[in-house]
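Labels run A, B, C and D following the written order; every chain starts at residue 1.
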Amino acid sequence: MKDKLRVLIWNEFRHEKNNEKVKAVYPDGIHRAIGEGLGDDLAIGYATLDEEEHGLSERRLADTDVLVWWGHKAHREVSDEIVERVHKRVLAGMGLIVLHSGHFSKIFKKLMGTTCNLKWREADEKERLWVVSPGHPIAEGIGEYIELAQEEMYGESFEIPAPDELVFVSWFEGGEVFRSGCTYTRGQGKIFYFRPGHETYPTYYNEEIRKVIRNAVHWAAPTGRPAPLFGNRKPLEPLKSRQEA
Amino acid sequence: MKDKLRVLIWNEFRHEKNNEKVKAVYPDGIHRAIGEGLGDDLAIGYATLDEEEHGLSERRLADTDVLVWWGHKAHREVSDEIVERVHKRVLAGMGLIVLHSGHFSKIFKKLMGTTCNLKWREADEKERLWVVSPGHPIAEGIGEYIELAQEEMYGESFEIPAPDELVFVSWFEGGEVFRSGCTYTRGQGKIFYFRPGHETYPTYYNEEIRKVIRNAVHWAAPTGRPAPLFGNRKPLEPLKSRQEA
Amino acid sequence: MKDKLRVLIWNEFRHEKNNEKVKAVYPDGIHRAIGEGLGDDLAIGYATLDEEEHGLSERRLADTDVLVWWGHKAHREVSDEIVERVHKRVLAGMGLIVLHSGHFSKIFKKLMGTTCNLKWREADEKERLWVVSPGHPIAEGIGEYIELAQEEMYGESFEIPAPDELVFVSWFEGGEVFRSGCTYTRGQGKIFYFRPGHETYPTYYNEEIRKVIRNAVHWAAPTGRPAPLFGNRKPLEPLKSRQEA
Amino acid sequence: MKDKLRVLIWNEFRHEKNNEKVKAVYPDGIHRAIGEGLGDDLAIGYATLDEEEHGLSERRLADTDVLVWWGHKAHREVSDEIVERVHKRVLAGMGLIVLHSGHFSKIFKKLMGTTCNLKWREADEKERLWVVSPGHPIAEGIGEYIELAQEEMYGESFEIPAPDELVFVSWFEGGEVFRSGCTYTRGQGKIFYFRPGHETYPTYYNEEIRKVIRNAVHWAAPTGRPAPLFGNRKPLEPLKSRQEA
């Protein structure tokens, strides 16, 4: 039997303690709500900002296949050293699922090379996420679109590199669109950015949203190839130019 | 009459002072050899590492449409503040042409989000750069391939994001291949990485190599659109969900 | 002085003769309205379905740098032979701008390899085309978005290959989104699909829409590289394996 | 327990009957050699050109998750009706693995929209396939490169659309390079083109080549989403523009 994929769900976990409205929606934290939605065939762990090393020790990361990231107000409190560590693990093959306001996390900005800035509005408006890559494994089991009755709006321009694959595009009631599901590869690591999930809405209890995250975790699983060889290398073939010299 | 495109060629400019072999090939510096190859329809300036602010003051960059970058041994000496400044200008639309060992420059690594590591070998071997995007403006005027009798080898894996467009793939005598001409867009800025140009070979006097760089400069010209709007925005359409609440 | 780019605007030109409503909007035909918007620095010609060879003789196509295509009800009347001819010219470098209902033209389907099917609705609704590739030359001079007070709706899924570059995404009042500005390269030819332009609306008089088409024509200009070499070829290097045999 | 993935391996199966040299290498046909390499966790079937309907009846295709295609001399004998049928199934989600000389098959050309032409040479030369997408599932279990002592050469230009993902690039002894492993999505179907496999070499007995094909089959598995909805659709949101009219 194949070992279970090891998923680590990281959450800033501040709103849920400080804000009554958020606490009412996610009493055990956003990370727990995400984890409950992932299903039994995964080995799920949790880590939060205020743990030692933000719960992201070298060892913990070495034992992680896919990292899920939710952060919002405290991106700056994530230590640069830990960001460097996560970055290395992604290049070495660890999958990374960045959710919602995680677009502004240090790790996502470092991997993208851009500001990852966007437009936003909190106005309880309707979002409809249309599937635009109909055969993509991340959209498996999803209908034409996912409708969320109330969400925060994120609008273009979204300052990211053009995604390798664009899986979802959002329509917002207020007139904007957004590239809501974007895949990237960096080194051996697969990255999926998924827009929905403002802390005041029960988005992570939505069965379709959960399915997308579940699909993304499986899609982002490492392949386990050895680390690439870099640096000075001998030729694989005889160098005629040189022999003649 | 349209104003000339303003090109700034940046060079580390150390090898040419410290190494007799390099001095013999590029007595006035690699930057001058590149500049001479660009033609008369461009307004060309030069900047080097050891100038004040590396020759890259805010004002200088504001007056630059496309920046060409050659660096090798002293990447670490480029100040983080200047890298940040160049990064901002690229996102705002300035084109960036990164040459050869510039793959390891701070600015390229920051824009790519990866190590940009690769294999290398100095063995005077033959390189043949095949055009694989035959209609691309950067390949205009180039035949099936460019042949360089002697160059440094760079080999895969090249740890970069998959390029938006792959224009050249190199064949090396020693048995390796390399993605030698890669385009990217970051923010409003267009980026072209072009592999050839080791300091001990007269590569930048080669007419075809010069043509590629010239093409790339024109391709990377800014479009001059206004800066994107980010942050909190009012809806463009009435929000029915809200009105009903 | 550089020769003017030669643009040929092809129109089915039936609605404008048979339908009073369309005639009122485009009395001289959609092609003329498009052509008037392209500006003086181009050499513009026109061709329509009911001309001999649909106005697309070998010679005419050989003298065309960029072909603009508008068709709707009579796609089937375009002869396969002419489609084959246009296809060859695109692969050889001629640019192709496919507008609106041209998504179902034989030439576009042949180049895409898919059905190019989509959702549609004629309901006089608002469309807002958001720029999502902010540095792209096709978006030059365009603000954050283009707003059209009334257009036909086209909605996802749009069964096309993932575009090389996605320049515009449309928001529709009725709740849909659409990939409205898509670039492709096939052979040496550059292709741009641009969504707006239903025959009953004055879309092709809109200054921003005209600017996009103008930009696209310039972007799609051929580079003039020689035809690629195919077939059986002698080795460029000595074959050691063989010599040893 | 999940049902086994149903793979159908299609082979022209003429060389193996008419050519002693090929018969010696693949006495039971290339298809059997490929099938033997795919492993026990797949439900494997075979079909060949000279069977009724080329072994590709509606029913057979409906029961196929991934189709593997090898053809060479008799592409023209494949009936257009069957090609149409396969095309529909690919758009509906069936995976397609096109091998070697299958680049010129009707189905591949139809899906690509280009000639799929290339350079070639039969000279028993060495090929080295470098992995350039190190985290891609199709490269799982493969080292830095695959080396084949003797193969037919295929060289650029390869007239295909830029692949969605470029997994392998080949180095050839004679001086050429080739995009040897290319992924595409068309409709809901995933397509992988894989270069090696000339009929006179024992390439399909090579363990690494077999692993790539096996990986590709799994990667190309359908997701089973429902067929997309096309055509005239009612709005999902009230149309204010219209109400005001």
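The working rule: a contact is a pair of C-beta atoms (placed from the backbone, for glycine too) under 8 Å apart; a residue touches a chain by one contact, two chains touch by 3 or more.
Heads up on the chains, UniProt names are A, B, C, D = ThuA domain-containing protein.
Please read all numbers here as calculations on a predicted model, not as lab measurements.
Chain pairs B-D and C-D differ in how many C-beta pairs they share in contact, with the greater number at C-D. Using the mean of the Cα atoms as each chain's centre, the chain most removed from chain B is D.
One finds 31 Å separating the Cα centroids of chain A and chain D. We define each chain's centre as the mean of its Cα atoms; on that basis chain C and chain D are separated by 30 Å. Spacing of chain B relative to chain D, judged by their CA centroids, is 36 angstrom. In chain A, the positions touching at least two other chains are 128, 131, 133-134, 144, 155, 157, 162, 164-165, 173, 175-176, 185, 187, 228-229, 236-237, 240.
Residue ranges of chain C in contact with chain D, taken from their complex: 91, 110-115, 117-121, 123-126, 149-150, 153, 155, 157, 159, 161-162, 164, 173-176, 184-187, 228-237, 239-242, 245. On the chain B side of its complex with chain C, the touching residues are 93, 128, 131, 133-137, 139-144, 164-165, 173, 185, 187-190, 222-226, 228-229, 236-237.
Across the interface of their complex, chain B is touched by residues 128, 130-134, 144, 155-158, 162, 165-166, 169-172, 175-177, 179, 238, 240 of chain D.
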